[in-house]
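The following pair of complexes shares a single chain, chain A, combined with chain B in the former and chain C in the latter.
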Partner chain A sequence: MSTTIYYISNILIIICLASSLLQTRYLFNINKFNNLSISFLATIQLFSILIAFGLLIYLFLISDFSFELVYLNSHSEKPLIYKLSGVWGNHEGSMLLWILILVLFNFFFSLFSFKRKIFQNLTVSVQSLMIFGFTLFILFLSNPFKLSENNYADGIGLNPILQDPLLAIHPPVLYLGYVGFSLVFSFAIAGLICKEIDKTWASIIKPWVFIAWSFLTAGIALGSFWAYYELGWGGYWFWDPVENASLMPWLAATALIHCVVVLEKKNTMQSWTIVLAIMTFSLSLIGTFLVRSGILNSVHTFASDPGRGLFILIFLFIVLFGSFFLFAIQSEKINKPDLSSLVSRSTGIQINNWLLMTILSVVFIGTMYPLATDLFLNQSLTVGPQYYAITITPLIIIFIFFMIFSPRLGWKESKLINLIMSMRFILISVLSLSFIISLYFDLFNLSEITIIFLSLILVFTSLKSGFRPSGKNTIIKSNLGQNIAHAGFGIFMIAVVSNAVYSKEKIYDAKVGDSLELSGYIFNFKKIEQVEGANFNSLKAYIDLEKEEKILDEFTPEIRFYSDPPTITSETSIIHKFFSDIYVVMNVPQNQQSVSVRLHIKPFMNILWFGVIMIILGGLITAFLKRTRIDEV
Partner chain B sequence: MKKICLIFFLLISTNMSIAEENRAINLFKEVRCLVCQGQTIHESNAEMAEDLKEVIREKIDQGQTDGEIKSFLIEKYGNWIIMTPPFNGLTYLLWFVPLIILLFGIYFILSKKSHKV
Partner chain C sequence: MTAGVTKTVKKRLTKFLLSLIIVSIAVLLIVYNLRDNIVYFYSPSDLIEENLNRGQIIRLGGLVETDSVFNESESIFHFKVSDGNEHINVKYEGILPNLFAEDKGVVVEGIYMNDGRFIANKVLAKHDENYMPPEVIQTLKDSGNWQGQ
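So, the complex of A and B:
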């Protein structure tokens, strides 16, 4: 049985490899196979990988340990959902997932009928070239269907820190984002080859860019939320290299979606758009490279293999070199002049795009610098959160400033004074509101006040222009998505700053019966007991939350002891109140007498996630609301 | 009178220790736990982190400044142990490259726009 599956799955991968190679024919002008339609081959690509992926899921579900991957990453006693998520909780499986999403995007894109057929053919060809590369990679360097040489009675199991419902969906969502930009990249290459990067080009790619961007945002947010409650360090973003690796493509992608909008409206900024499309996808590849190569010192690097890193590096080199070479010889022919004046919306977008690039360079340098000094100067260095706070804060202030004003400027030319007059009511009310807020909450740090002040203006102006109907027949304005996302970003920034300022924490060495205190709350340590879980034993503490003599709720933080593989994890217990999270985490006991308990009060966490959800929603609305009718192209 | 003095003294000394404890916590957040993965000693309760916390508390008691304590740690364990990179020959690029990129972009956008007018 196992050997049958082994052969079937490898044959399926080879079928995908072959059909992808055939799909690349338009790149080389081979007219031999013109009777094979691209959608037919795309269907074969999709189904071969889909069935292979289904087989891999099946192997994990039935715990077939004759396959090495299942043996290394699963265990017969693991709950069903983690058997499933074990499929992509490892290198080989996640690469197969990566390919599945590549062929999925390729398939959907090949379904549409275009009048400019050559665009579609070339895009699918470039996309298939990538599918070919990655399929080759999994076939020879990272085959998920490798039979193990020994007979194992049971598997090693999935790293318990990854056994979490959120982390089961985090990789697929993130990959939908990363890989979504492969399609944008392919489309950019097709546009470069045809020398036709114009309004039509932008209107075709726009929904795809926004979908990919929304998934990337959601994927990062899920990871961040997971880190918040699973790692138990009280934070939601640690400027960890792997987090940075996903933030970099996001920053480039955010600049890209704005370029695509300008291109669609004004037929300018062609070079920007192309460079950003190439950059976003390359950074997605670098993200994969950084995570998968094991050169990072990080909690996330659960797969380490330099050989595979080398492959991604060569692949990346080909992508970068090839696309920039093409760009260099074609860029003169694609660029259209920018006719707008200095005070205009497109200037605002250009400035903010540059700010995004600057933030990206901060993240890039901050991540790479310690690696570089270590490698070339033999000096190790830590670039911690404070570096990012110092460098990014001033950039964010200017960024929000332009986010407020540029959407309210005309595309061609505007008078600043008119703009300020039209916003006078909001400006005055927000100014007084932030004055009251800063007095009431003792907020005297200039940059904090400025960010909160500007973010409030951003929220109000965005909401105002997003929901006020303009014409008689328009109920929903076409920029609804934009305004929701911008308002969401304002809300997010307010939450980030207030959270940083007002977070409180205290560490106690506590015994049963102790009453601990943090900002007016009393934590009564009632008892601690041993509990048996699905595939772990745990030490569970019961702590009552009390305020003003009333018991409000109960915390149940845990220390879990997993045996397959042997790992100890600390499970946080969080009570989400409207304005703040109260967060309790136990450390692994060092002695019999007491246990170290850490209490956190994290204000505005709900509001922070709400802001993120608004950002994602805004992206999805823009993707689906005003779709350009592709059949007219 | 003696009593009041004593209470006053106690108040001051407790206040001092709160300030010192805050200083200690701020320092803990700046010092990397060498055996953990990317955590500060503040976040960790590994043995090594606890030892370092004790060392830092002692140094504060001895009246050393934050700068002195950090230099001591850097000398003993290397630059790596301090979370925020220092500002010196090794890190000029780290701090200045973003600024140069920002200025270059502003110059680039403005010059492109003003040519047309």
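So, the complex of A and C:
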């Protein structure tokens, strides 16, 4: 049985390899196979990988330990969902998932019929070239279907910290984002070859860019949410190199989606758009390389096989070198002069693109500098999170400022004074509001209050122009998505700043019967007991939350002891209130009678996630809203 | 015609100057803030030999020496971090991570005092039992005490 699956799966991968090679024919002008339609080959690619992926899932579900991958990453007693997430909780499986998404995008893209057939053919060819490369890679360097030489009774298991329902969906969502930009990249290359980067180009790619961007945003948010409640460090973002690796493509992608909008509207910023498309995909590859290669040590690092790291490096080199070479040859021919005046929306968008690129450089240098000193100077060092916070704060202030004003400028020349006059009520009310806030809460410093002030304006103006009924009927305006996302960003920033200022933390050494206190709340440590879980034993504490003599709720933080592989994890217990999260995590230091209990009050967490959801929603609305152009002023 | 050209040139110049300003501010910000927020990593031997960085926040990594951990009170710990050749006395107040144990790798962050003690304000969390911080592996290799693969 196992051998049959072994042969079938490898044959399927080879079928995908062959069909993607055939699919690249338009790149080399081979007319021999023109009778094969692109959607036919794309369907073959999709089904071969889909079945292979299904087989791999099946192997994990039945715990077939004659396959090395299953042995290394699964265990027969693991709950079903973690057997499933174990499929992509390792290097080989995640690469197969990567290819599955590559072919999925290729398939959907090949289904559409476009006026410019040549664009589609070239895009599918470039995409298939990448599919070919990655399929070759898994076939020879990282084959998920490798039979093991020994007979194992049971598997090693999945790192318990990854045994979490959220982490079952975090990698696929993030990959949908990363790999979604491969299609954008392919489309950019096709446009460069045709020398036709214009309004049509932008309008075809626009929904794909927005979908990929929304998935990338959601993927990062899921990872952050997981870190918040699973790692038990009381934060949601640590400026960890792994997090930065996903933030960098996001920053480039955010600049890209705005460029695509400008290109679609004004037929300008061609070079920028292409550079950003190449950059976003390259940064996605760099992210994957950094995270998977073992350069950064973290839960994300699966294996440190140098061959695999080398493959991604070579692939990255080809992508960067090839595309920039093509760009250098063609860029003169694609650029159209920018006819819009200086005070116009496209200038505002350009300024914010520069700012995004600056923030990207800040993150890039902070992430790469320690790697460089370690490699070249043999000096280990870390860049503290303060570096990012301090450096990015002034940039964010200017960024939000332009986020407020540029959407309200017209595409043509506008007068700043008219704009300010039209916003006078909002400006005055928000100014007085933040003045009251700053007097009432003396905790905020100048930059914090400035961010809150500007974010409030952003939220108000975005909501106002997003939901203003035009005429008698309330018509969905074409910029609805934009306004929801921008308002979401404002809400997000307010939550981030307030959270940073108002978070409280206290550590206690507690015994049963103790009463702990943090900002008006009393925590009564009632009891601690042993509980048996599905595949772990745990110490579970029961702590009552009390305020003003009333019991409000109960916390049940745990310490879990896993045996496959042997690991201890702390499970946080969080009570979500509307304005703040109350967060309890405990540790049991060795040789000690008491338990360490860490209490956190994290204000505005719900609001922060709400802002993120609005941002994602805005992206999806823009992607799917049919442009029945009811043009804004 | 000429008016149009000067307008384009003017616009380009404005944009160029704007981007120059942004870039130079960014470079200044990055360099200045990077310098202030770098935390260097040292092994016990480094600290003793080079005798540097007193009073500055640094990281120290190595193995927790066997039988060296003792509790001054419920939340104040003393232990020795060693690379096989030298060791440094560390004092830490706070919660120790679940996986903190004698003879295991550890990275602490804090200040190296003039009297040769290390006052840690952070003991860095690890992900699993077998995980060894890469800096610690390097430290042990440098001192010739690395026994892993």
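Note that the second predicted complex is superposed on the first by the 611 of 633 C-alpha atoms of A that agree within 3 Å, B and C clash if a C-alpha of one lies under 4 Å from a C-alpha of the other, contacts with A are read in each partner's own complex, and residues count from 1 in each chain.
Throughout what follows, contacts are C-beta pairs under 8 Å (C-beta built on N, C-alpha and C of every residue); 3 or more make two chains touch, one makes a residue touch a chain.
Given the structure is predicted, the values throughout are model-derived calculations rather than measurements.
Once the two complexes are overlaid through chain A, chain B and chain C clash, as defined at the top of the document. Once chain A of one complex is fitted onto chain A of the other, the partner contacts of A:Leu395 extend to both chain B and chain C. Once chain A of one complex is fitted onto chain A of the other, the partner contacts of A:Asp64 are absent, as it touches neither chain B nor chain C. By the touch criterion defined above, A:Glu264 reaches neither chain B nor chain C.
Using the contact criterion defined above for the overlaid structures, shared-chain residue A:Thr567 touches chain C, although it does not reach chain B. Once the two complexes are laid over each other on the shared chain, residue contacts for A:Asp240 go to chain B alone; chain C is not touched.
With both structures placed on the common chain, the touch criterion links A:Glu92 to neither chain B nor chain C.
Within the superposed three-chain model, A:Gly384 lies in touch with chain B and with chain C [touch as defined at top]. Legend: residue contacts after superposition of the two complexes on their common chain; A:Ser594 is shown touching chain C, with no touch to chain B. Of the two partner chains, chain C is the only one that A:Ile559 touches; chain B does not reach it. Only one of the stretches 8-16, 62-70, 80-88 or 134-142 in chain C has C-alpha atoms clashing with chain B after the fit on chain A, and that stretch is 8-16. Residues 233, 297-299, 337-338, 341-342, 347, 350-351, 354-355, 358, 361-362, 365-366, 369, 379-384, 386-387, 390-391, 395, 587-588, 590, 596 of chain A touch chain B in one complex and chain C in the other.
Residues of chain C that touch chain A in their complex: 8, 11, 14-15, 18-19, 22-23, 26, 29-30, 33-34, 36-41, 59, 69, 71, 74-75, 94-101, 125, 127-131, 133-135, 138.
Residues of chain B that touch chain A in their complex: 30, 32, 37-40, 43, 45, 47, 78-85, 90-91, 93-95, 97-98, 101-102, 105-106, 108-110, 112-114, 116-117.
Of all residues in chain A, only 233-234, 238, 240, 297-299, 337-339, 341-342, 347, 350-351, 354-355, 357-358, 361-362, 365-366, 369, 373, 377, 379-387, 390-391, 395, 587-588, 590, 596 touch chain B in the complex they form. Contacts from chain A toward chain C in the complex involve residues 159, 161, 231, 233, 297-299, 337-338, 341-342, 347, 350-351, 354-355, 358, 361-362, 365-366, 369, 379-384, 386-387, 390-391, 394-395, 507, 509, 559, 565-570, 587-592, 594, 596, 598.
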